[in-house]
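What follows is a pair of complexes built around subunit A, which joins subunit B in one and subunit C in the other.
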Partner chain A sequence: MDNNKFVEVKNLRKVYDNGHEAIKNVSFAVKKGDLVCLLGPSGCGKTTILNILAGLLNPTSGEILFDGKSVVDVEPKDRHIGYVFQNYALYPHMTVLQNVMFPLVVGKNKKPKADAERIAQKYMELTQITELADQKPENLSGGQQQRVAIARALVQEPKILLMDEPLSNLDARLRLKIREEIRALVKSVGITTLFVTHDQEEALSIGDKIILFNDGVIQQDDLGQNFYLEPNNYFVANFVGNPVIDNFKVTKIENKLKANDFTIDIADLDQSRFKRTLADGDYLLSVRPENIFPALDGLLQATVDDVELIGRERVLKFTNDETQARSLVNLEMPIKHGDQVKLKMRLDRVFLFTPDGERVY
Partner chain B sequence: MKRFRIGTIFSYLILFIFAFITVFPFIYMILGGLMNFQETTSIPPTLIPHHFEWGNYAKVFAKAPFARYFFNTVLTASITTVVSLFNSLLGAFAMVNLRFKGKGIIQIVMLSLLMVPGEAIIFTNYNTIAHMGLLNTYVGLVLPFLTSIFYMYYLQSYFGSISETIYKAAMIDGASDWDYIWKILVPMSKSGLFTVGLLSFISGWNSFLWPLLVTNEDTMRLLNNGLTAFASDAGSETQLQLAAATLTVVPILILYFIFRKQIIKGVVRNDLKG
Partner chain C sequence: MKTNQKKAWLFLAPTIIFVTLFSIYPILRAFGMSFQSGSLIDLTWTGFNNYKYIFSDPDFWLALKNTLLYAVISVPVGLAISIMLAWIIFDKVKHQSLFETTFFMPYVTSTIAIGIVFRYIFNGDYGMLNFLLRNLHMPAPDWIDDPAMSLTTIIIFGIWSSLAFNIVILMGALRNIDPNYYTIADMYGASGKDKFWRITMPQLVPTIAFLLTMNIIGAFKIYTSVYALFNGQAGVGNSGTTAVFYIYNKFQTVGTPGVAMAATVVLFLIILFATFLQRKMMKKIGEN
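For the complex of A and B:
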C-alpha cells in the first residue's frame, strides 16, 4: 500500500454520448489524509471527475485506484466514499437525524436502529447540529444544511470524502467560516478529501495541494504557492491571482523584447529562469500587479484610468496597447485618477509565454 | 370603492348561477329519490318532497342486487387502482432515474400509444379477453386497466421535478433502487401518487363501456351497468331510478369531499410544473 497514492487516477478519459470530450487523459494521485482541491473554471471537467470517482458516471477509458485497488467496476455504495453535493441533496421529508442516519439504515450494511442513532449522534456532535435533530431541512439555513450534508457523508466512515462546490450556495462571510470548519473537520477525522471548487481563493486557503483543470486537461498539479510563483503556463498565470495578472504583447528582436511603448533588454532578465533559449518572434510578457509599480526610472509611461481601493492596497488601472493592466500599490501612495505615472517591473518576477501559452521564462 | 363593490356582487352572482346549474341536478336527484311517483312526474315539478320516502331505497335493493354491484365496483376499482399505481410508479421511476439502451425509443412508442383512444382498441381487447375465456370474470374486468401510460407520464413529470442529486445521494448512501423508491421517492411524491390513485379509482368507479361488453351476468355487473339495467327493469318508477342513481354517485361524492384538498393540490402542482 502506497500512502502517497491513496487515490490514483490513470489516463482517465470521458467522452459523453453527444461526443463532447469532457476529460482528456487525466492522471493524478492523492496522498492519504490530504485535502486536495480540484480547481478550474466552470465546464472544465472537475465535477465530471468527481462523479467518475464516486461511480456516478462511467469513464470512457482509464483506471481509478483507491488504496491500490481498482474501483472502476465497483458500485458507488461499495466504494467507501462520502459525497457532499453542491445543493446538499438532503431528503426533504426526513428530519436532520433521519437524514444523517439514512446511510446506516438502508442497503446491506444496515445497522440496528439504536446503533445507527448512536453513530449519527456522534457525527452530529462533530458538525454541531445536535440541537437541529428534529428539524426538517426546509427550516435550516444554508450553513446548517451544509453541516447536515457533511455529517451524512461522514456517518458511513468512508475512506474518501468527495465535495462538489460545497460552499457555492453560501454567502461570502459564511463561506469563509465554513471553509475553515471543513478543513479543521476533515483534518480531525483524518479523511482523504477531494474538494471541487471554481474559487481560487478557496482552493489556495484550504487545499494541501491543488489540481488545476481547464478543458478536461490538468494544467498544474502542485502546492498552492507554486500556482502563484511558478505557473506552468499562460492559463495558470491568468487563472490564479487577484487582481489578475497583466499581460503585454512583446516581440523578441535580437537581444530586446519590444512592446508597443517600452523595450526590455534580455540581459536584464534572470538568465537562470529561462526554460529554453528564446527564438525571435511574438511572446506574452505577464507581470503580477504587485510586481509592476510606479518609479521615477520606470520603463513605461501610463495614465491612471481608475483607482480602486481593496483594503490595505489600491489597484491602479491603466491602459497599455489597448489592453487594461493593473498595478498594486500601497494605500498611502498619493496617486489619483488621471495622473501620469512611470511604471517599473521586477524583471526577476515576470513570466514569458509563447502565443500558445507555453512558459519560456 | 363603489365600483369594487358592484364588481364583487356581479362576480358572486355569476358564481352563484354557475354553481346552481352545476349542483342542481345532484340535489334534484337526491331529493327525487325520496319522493313518491306522483311528485317526480307532476307539473309544475315538486322540489321538496312532502314526505321523505326512505322506503324507496329498500325497494331498490329488493328489485336489483345493488349490494352485489357495489361490492363488484369497489373490488374492481380498488384492484385497478392499486395495481396500476404500482406499475406506473415503477415505470416512471425507470424512465426518470435508470439509464438503459432504447429508453428514448420506448418513450416515443409509449407516447404514441397515448394518442390511441381507448375506444379504438376496445374490440381487440374484447376478442383477447373472450379468447382467454375471461368473460364474466373479475380478471377480465380489470386486466386492460392494470397499466396506464397516462398515469406513468403524470408521475414521470412529478419524479422529474425531484433533483437528480437526491437519487445520486441515495446511491452513495448505499440505498438500493427499491430502498430509494419506498423510502425517498414515494414519501416525496405523496400528493402526486394520491392524485393518480384517486383519478384511477374514480375512472374505475365510473367505467361503463368495458364492463358492459365483458359481463352479461347479473352477479358480475358493476354499478353503472346495473343502473342502466335497473332503469328499464324499474319501468316508469322514476323515483326508484333516482334513488338508485343516488346510490351510485354518493360514495364517490363522499370521496371528493374528504380528499378535495389533496385533489386540488395534486392538480395545481402538476400545472405549475408544466
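For the complex of A and C:
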C-alpha cells in the first residue's frame, strides 16, 4: 500500500446538469495521516470535490482511490468516511450522547446499545464533551456543537475525515482556538483529513499541505509557505497573502522592464529565478508589500494616500499607474498621510507574470 | 410606558370588540340559556331541568357515543394515513406540487358537494365502492341505508376528508427538516426505517400535536358530513346522529333552545377535557 497516495484523485471532472463545469480535470494525492486543506474562493469547486469524495455527488468522469481501491461505485456508507457539515447538522431532538451514538445504532452494522454507548463515551472524552452528554444541541455553544459533530463523525472509526468549512459559523476568537483543537485532535487520532476552507490564514495554520483551487482547476498543490514564496501563477500570488500583493504593469523592451514611472534593469534581477527567457512584451510585476519599502535610493516616487495600522506593522497605501499598492512597514517608521516617499523593491523577491497569469520569474 | 399601553388598546379594539360580540357573548349566552326553558322569545328559568332531560334522553347518549367513537377512530387513523401519504409524496414522488395540489382539492371543495358524490360512491345498488367490492368477492354492505353501517360510513368519509388539510401541513413540516439530517444518516448507513423513526417522526412531533388538536376539535363538531351523506338526515332512524346534530335538532326542529344549549355546554366541556388530555400526552412524548 502506498501511504503517500492514501487518497488519490485522478482526472476528476464534474459537469452539473445545467452544463456548469464545476471541476475540470483535477488530480491530487493525499498522504496517510495528513491534514490537507482544500482552499479557494467561493464557487471554485472545493466543496464539490469534498462531496464527490464523500459519494454525495457522482463525478462526470475520473477516478477516486481510497487506500489503492476505487470508490467511485461504492455507496457513501461503505466508503469509511466521516463528514462534518458546515452547519454541523446535529439532530436537535437528540441529546449529545444520542447524537454521537447515532451512527452506531442505525443500519446493518448496528451495535448493541451498551457497546455503542461505550464507544461514544470514548470519543466524547477525546473531544471533551463528556459532561454535555445529556444536553440538547440547542443549549450548546457553537464550539461545543462543533465538537459533537466531530465526535459523531469519528465514532464509526472512519479512515478519512471530511470537513466542509467547519469553522465558518464561529466567531473570530473561537475560530483560532478551535482550529488548533481540530488539528491536535485529528493528529492524535491519526486520521487522514480533508478540510475545506475559503480562509487562507486558516489553511496556512492548520494544513500539512494546501491545495488551492480556482475555476475548478488546481492552481497549486504545495506546502503552505510555498504559496507565499513560490506562487505558481498570478492567481495564487494574489489569493494568498495579507495585505495582498502589489501588481505593476511593465513592458519589456530590450533588457529593461519599463513601468509608467520606474524602470528596472533585467541584469539586476536574480538570473537563476527566470523560468524562461523573456520575450519582448507586456508583463505584470508583483511584489509582496513587505518587499517594497521606503528607501532613499528607491526607484519609484509615490504619495502616501493612507496609513493603516495592523498590529505591529503599518500599511502605507499609495497609487501607482492608477492601481492601489501597499507597502508594509514597521510601526515606528515616521511616515504619515500625504508624505512623499521613494520606494525600493527587493528584486530577488519580486515575481513576473505574463498577462494570462503564467509565472516567468 | 403608560401611553404605549393606551395605544395598544386602540390597536386591539377591533379584535376585542368582534371577539366579545361574536365569541365570548354567545358562549356566555349559551351557558345562560342552558338553564332556561321555553321558546327563544319567551325564556324562563328552569334550573338544571335541561341537563336532567338530556342525560335521561337515549338519543343524547347515542349522539355522544357516535361522536366519541367517530373522534377516537377517525382522528388517529386519518392522521396515520396522512403521515404515511405525506411521507411517500415527500420521499418518493417526483412531481410533488402536482400531488400536493390534488390532495388539497377536497379541502377547498364544499363538504356538501363531496357528500353528494360520496352518496353515489356508497350507494348499495349501483355505487362504485360496492361494484369494486363485488368484483373482489367481498361483502358489499348497504353503506347508506343500513342503520348498522351509518357510523362506519361517516368515519370513512371523515378520514377521507381530513387527509387534505393534514397532508398539506405535514408536507410543510417535512420540508422544514434540514436535508443534511438525511444526508448524514445515509452516510452512516441508516435504513429508511431508521430515518423515518429516528429523524422524521421526532421532527414532526410539534406538527402532529397541532393536527391532533385541530382534528379532535373538528371531529367533536362533526355535522356537515353527516347532513350531506344522509341527505339532511342523521342516517336511517337517526342511527348516525352526532352531538352537533342533536343540538341542531333540539334547537331548530324541536324548538327547545334550552335543551340544545345544555347539550352544547356538555360538548364544550368534553372538547376542553379531550384537548387538555391530548396536549398533556403530546408534551410527554415530546420530552422523550
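Definition applied: the second predicted complex is superposed on the first by the 361 of 361 C-alpha atoms of A that agree within 3 Å, B and C clash if a C-alpha of one lies under 4 Å from a C-alpha of the other, contacts with A are read in each partner's own complex, and residues count from 1 in each chain.
In this section, a residue touches a chain if its C-beta (ideal position, glycine included) is under 8 Å from a C-beta of that chain, and two chains touch if they have at least 3 such contacts.
Nothing here was measured: the structure is a model prediction, and the numbers come from that model.
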{"item": "Subunit A as common anchor, with subunit B and subunit C clashing or fitting", "value": "clash"}
{"item": "Partner chain in contact with A:Pro355 - subunit B first, subunit C second, else both or neither", "value": "neither"}
{"item": "First (subunit B), second (subunit C), both or neither touched by A:Asn109", "value": "both"}
{"item": "First, second, both or neither for A:Gly68, with subunit B first and subunit C second", "value": "neither"}
{"item": "Overlapping contact positions on subunit A, where the subunit C interface meets the subunit B interface", "value": "54, 56, 76-77, 81, 83, 85, 87, 89, 91-93, 102-103, 106-109, 156"}
{"item": "Subunit A residues within the subunit B interface of the complex", "value": "54, 56, 75-77, 81-83, 85-87, 89, 91-93, 102-103, 106-109, 152, 156"}
{"item": "For the subunit B and subunit A complex, residues of the former touching the latter", "value": "163, 165-166, 168-176, 179, 183-184, 187-188"}
{"item": "Touching residues on subunit C, where the partner in the complex is subunit A", "value": "178, 180-181, 183-191, 194, 198-199, 202-203, 205"}
{"item": "Touching residues (chain side subunit A, partner subunit C) in the complex", "value": "54-56, 76-78, 81, 83, 85, 87, 89, 91-94, 102-103, 106-109, 156"}
